[in-house]
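Structures are listed in the sections that come next.
Below are two complexes that have chain A in common, paired first with chain B and then with chain C.
Presenting the complex of A and B:
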């Protein structure tokens, strides 16, 4: 063999030489991008997509999370049970309530505030920005702590100040008709600042010329807002909308968990707290997984529609 | 795909940022060079005042609870029974009470270790992945990128049960590793870095290629040194969000003695709440983050606003 190779070599030295030299190299440059991606992809596959599939799988079983307990295949019954659970629909309603609250604090109010605050000098707005940003850095648990203290019926700031005007102290977080508003307010505190910042940035990115042109055409403030500001701001607003929807679970859940544990009488149990209670407190894994699958499906559809909207209805100022 | 536009179109605040789009836009319409004013100045002055009042109110709403926390933490413990808002004096008794009630230093140490490991690891993985997406063209690129974007759509609560079970089988429950490892792949970090890398000057990369530098060396010798500010901002962002994270540590540890956020929660849910000590513990948990913020305020705000996150 060896002799043969050596003998053949002079006949086609250049070709053979290039082939042996470039084959390993070409392999490296072909696989190189994948090698760079590999660690991150493994992480995603292992901790995001595998559990997603497994959740789908769990949703067809009855299981109590104990490794020794048997898993019983129950077909679609988790789903039928789920859809007939009144607590689920109540949780959906609560989630929508919280979402509306978050959209008021994360979209409507910031839009108004940013529009009104347009005429502040850049230097002053740097100071405001630094202050408004602070709640973003405060952890969810500390947020809950702060607001529990502010809203406390014993020596809490809110009740003390209201007491000066003759109002009786209220246990905001433990009363059936106020608890969900208290949670909405607390989550609003967390989201208001950053939305004001994002929308202010969006507004400032609109060229002054558009406003001047509108002023020359004799547009009043409302017309300018409706016809100039809003269309040009639509990408930013849609972006904030998606962010609020996607992050609503992350913002609301810790507050509910720390402040009310879903109570009183389940009035602050949103869909994610419902999931958590079923999975980790009642250990009804099948039901929790079925709920997770349903929520994820709805969630994904909403997010995809938003993305499409972002793509289609955005006016860019180039 | 459209999701790339999941970033507010322009951020103009960072005056130092090297981008044409980031030229600061002057919003007061009066030319500063003493030229004629186009708008009646009285009207403009009124608008400015309304703007200041509005922003002051918003800033008060945002800052007051935090100020109140620090303020309360320095009040004497006995003050709470008098139920007045004004303190009778200043004291550190709340801090000593908090230190006696929960092992704060240990919890802070755990939190520092977890946050450092997670942010460094996530930064490293994201850098490699982003480099791959920005530098190469390869089969399945778009599909793989979609995989990253799609992971944003999966809420944490959907994956928590299977992940908990997997950690159990790996024997990683009740361990710091069990908290860190599942959070190392950050799709958000990959997307942010990819944007930065796309804007990286091609001439530098070409020069590196001509000099015969391998891709790996190009990444570490050319790209990383020039990407310092972006990497720092992202690293801090990851650090802060990990510092504030408590839900995953809560599931993995199931005891209050894991990270500082858990310690505070255990405190908060105890039967009789000692608000003074609670505020002191909260202040201690928040102070490190505020210290970082004070040092790197502008970069951090910009990074957050770009991402619109937490």
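Presenting the complex of A and C:
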């Protein structure tokens, strides 16, 4: 079959020979793939790169975004002010806290769930996976409203259940020591389904022969997991890691905005909410842009490191 | 022969796949970084100034053959489904009356401190400033100055304004002043409310208390709330003036402070007075309510749900929440409304929250259509609907005795009466001067929340607030 295809190729030069005179046609055939790419590239440039350049530009101005208001060039002052703002560093700490929470729900738990689900009968595991995936389909604001009711200190489901075991009611979203855990939990609930799905797919892609070989060699379940499953799953896990790190803002922001508005006492203000408050509540677009540029730089480094790791640890089974 | 090339082919393919995969991952990663980091500027795309039509000062009615589309930005939808459908019914009524005018409602997302100004700014950036906007009184100076509010005294003229204020059911004179800035009318007051104490009669009765003798001061409220909690397991009291439910605005917190004999500003309204004895007394009283467990800290949604489930005995909030709470109780229990509690034996000093409609259009026909809609939305018939369905005070006060309007509405008088009575001793909601008015309000609510619900020291918290806001 393959040989036949290759044999057909020599017929092409005959056509090309006739076409040598027509330069435009050659240009068309050369540029065809690029033309296919063009719409995507235009979209990318318009919606990703242009705002990026504009953000860099805004970060050197003091401006409130109104077309009628004057833009004042302030040099690097936005950056100096930003780095001396205690709220920024508090927000960075909160973001790291949320990230750890998300990694637990987006990496560790799904790994456990997916591994265990492997040993469940196929039909049961389909139902099981569907149930775990369900929260992903719920829109962020609905998620927030749902949890607002579940976590209510007056008649909320969580406190009611805890009450059966003798726990006093807790105002999860409004208490200083619980609010960030509540946000970490709700965002984790949201990310768990996707992760389980991706990791299950990753597990399914590993050839059964490796497990059989390990079993023949007398490896126990833990050894198989440690020496066979984990290495072969590493690209999937790294991919999930990158996704969780880079998408954490999209997952957490709507929940913070709807549930706590960054409070109490700023304890749930992460870097994105900090950015939003400065950019779109105080309309200090210069400071917010400076923050965005800094975050971009940090995340670019993180992404680069992740991609290197992905290249290094990837093992593609053929 | 065939095996070698096949192998080579497979290898190249595999490398190609690998290369492509890592390139794709990189591209995805870069795109994600872009997405996550640059969200702040995507709105900047529309900043290129648009050529606005020149303002036309002359004023008349829209000719019947001319079709005009106008938009009204309103926060009534934040009050719940009843308020939303009521608002929509007015628009339908207006459009039926004037088929050549189309009205679009743009719901304002929030009434939190400075939120309307914020949303107008986002609208302006996106190039879709509404024609009419419902503006809380504290935000009027800022909105008029920054978004070119139309001077109605000049544009509509004294005759038309006189007709609006007068008629068989005139506006209460003091209320017409609420839309005046520097001597000119910029806003037509539309809705007005005072804080009222909503009461679940059934929980009072279950705890052996008389719901028709509701607490009149904070000490009594505390005793009643704790008694109800003990007897019924329900929560005693949620305060919409402090904490989460206040949403960062301070109109009703100001009334608690005023009732304690204090004020948030000096007499000349030039400086904040957050360490004055009245402020300290008010905040300390709230703190002791929270510490004793008499008062909980819920969001509006949580409070409405607890209320509907019959698990909340008392709820102090704007009378405008009446429609939401009546809908939430679904006839499961009897509810009542009482005066805002005071300190000791003196009655509380209520403040009023509320808003005016401000005109922002610059074109002739839009302004004419705007004015027609404003007249419709403040007519005696609409005012009746505002009071009956949503719970605001009627601004044309004489409609309460008019049989075709509010006089026959006896069954719900228990809600509207405290509101109207409190209007007689209402103190204005003070607006902080300068562009940082919203920041001061938010800072005040944050400080009070941290003292009341996080047990911070009242004196030192308020001193800290006084020094940070002094700079603003």
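By our rule, the second predicted complex is superposed on the first by the 278 of 318 C-alpha atoms of A that agree within 3 Å, B and C clash if a C-alpha of one lies under 4 Å from a C-alpha of the other, contacts with A are read in each partner's own complex, and residues count from 1 in each chain.
Keep this in mind: contacts are C-beta pairs under 8 Å (C-beta built on N, C-alpha and C of every residue); 3 or more make two chains touch, one makes a residue touch a chain.
As the structure is a prediction and not an experimental result, all values here were calculated from the model.
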- Query: For the three-chain model obtained by superposing on chain A, do chain B and chain C clash or fit?
  - Reply: clash
- Query: Which partner does A:292 contact after superposing on A: first (chain B), second (chain C), both, neither?
  - Reply: both
- Message: If we overlay the two complexes on their shared chain A, which of chain B and chain C does A:263 touch? Say first, second, both or neither.
- Response: second
- Message: Which partner chains sit in contact with A:242 here, chain B, chain C, both or neither? Use first/second/both/neither.
- Response: both
- Query: Which of the two, chain B or chain C, is in touch with more residues of chain A?
  - Reply: B
- Which superposed partner A:52 touches (first chain B, second chain C, both, neither): both
- What is the contact status of A:231 with respect to chain B (first) and chain C (second): first, second, both, or neither? neither
- Message: Contact-wise, after the overlay, does A:250 reach chain B, chain C, both or neither (first, second, both, neither)?
- Response: both
- Task: Could you look at A:311 and tell me whether it touches chain B, chain C, both or neither (first, second, both, neither)?
- Result: both
- Message: I need the one stretch of chain B that runs into chain C once the two models are overlaid. Options are 3-11, 219-227 or 237-245.
- Response: 3-11
- Message: Per the definitions at the top, what is the overlap between the chain A residues touching chain B and those touching chain C?
- Response: 44, 47-52, 54-55, 58, 65, 67, 145, 148-149, 152, 154-155, 239, 242-243, 246-247, 249-250, 272, 275-276, 279-280, 285, 288-289, 292-293, 295-296, 299-300, 303, 307, 310-311, 314, 316
- Note on the structure: chain A contacts chain B in the complex at 30, 32-34, 36-37, 39-44, 46-52, 54-55, 58, 65, 67, 113, 116-122, 124-126, 128-142, 144-150, 152, 154-155, 157, 160-161, 189, 192-194, 196-198, 201-202, 204-205, 207-208, 212, 215, 235-236, 239-240, 242-243, 246-247, 249-251, 253-254, 257-258, 272, 275-276, 279-280, 285, 288-289, 292-293, 295-296, 299-300, 303, 307-308, 310-311, 314, 316-317
- Query: Touching chain A in the complex: which residues of chain B?
  - Reply: 1-3, 5-13, 21, 24-29, 38-39, 44, 47-48, 50-52, 54-56, 58-59, 61-63, 65-66, 68-69, 72, 80, 83-85, 125-126, 128-129, 131-133, 135-136, 138, 141, 144, 147-148, 151-166, 168-169, 181-185, 187, 190, 215, 240, 243-247, 251, 261, 264-265, 268-269, 273, 275, 278-279, 282, 285-286, 289-290, 293, 297, 301, 304-305, 308-310
- Complex contact set, residues of chain A against chain C: 2-3, 44, 47-52, 54-55, 58, 64-68, 145, 148-149, 152-156, 171, 173-174, 176, 239, 242-243, 246-247, 249-250, 261, 263-265, 272, 275-276, 279-283, 285, 288-289, 291-293, 295-296, 299-300, 303-304, 306-307, 310-311, 314, 316, 318
- Query: Can you list the residues on chain C that touch chain A in the complex?
  - Reply: 2, 6, 10, 14, 17-18, 21-22, 25-26, 29-45, 47-50, 114, 118, 121-122, 124-125, 146, 234-235, 238, 243-244, 248, 296-299, 301-303, 305-306, 309, 311-312, 439, 446, 449-450, 453-454
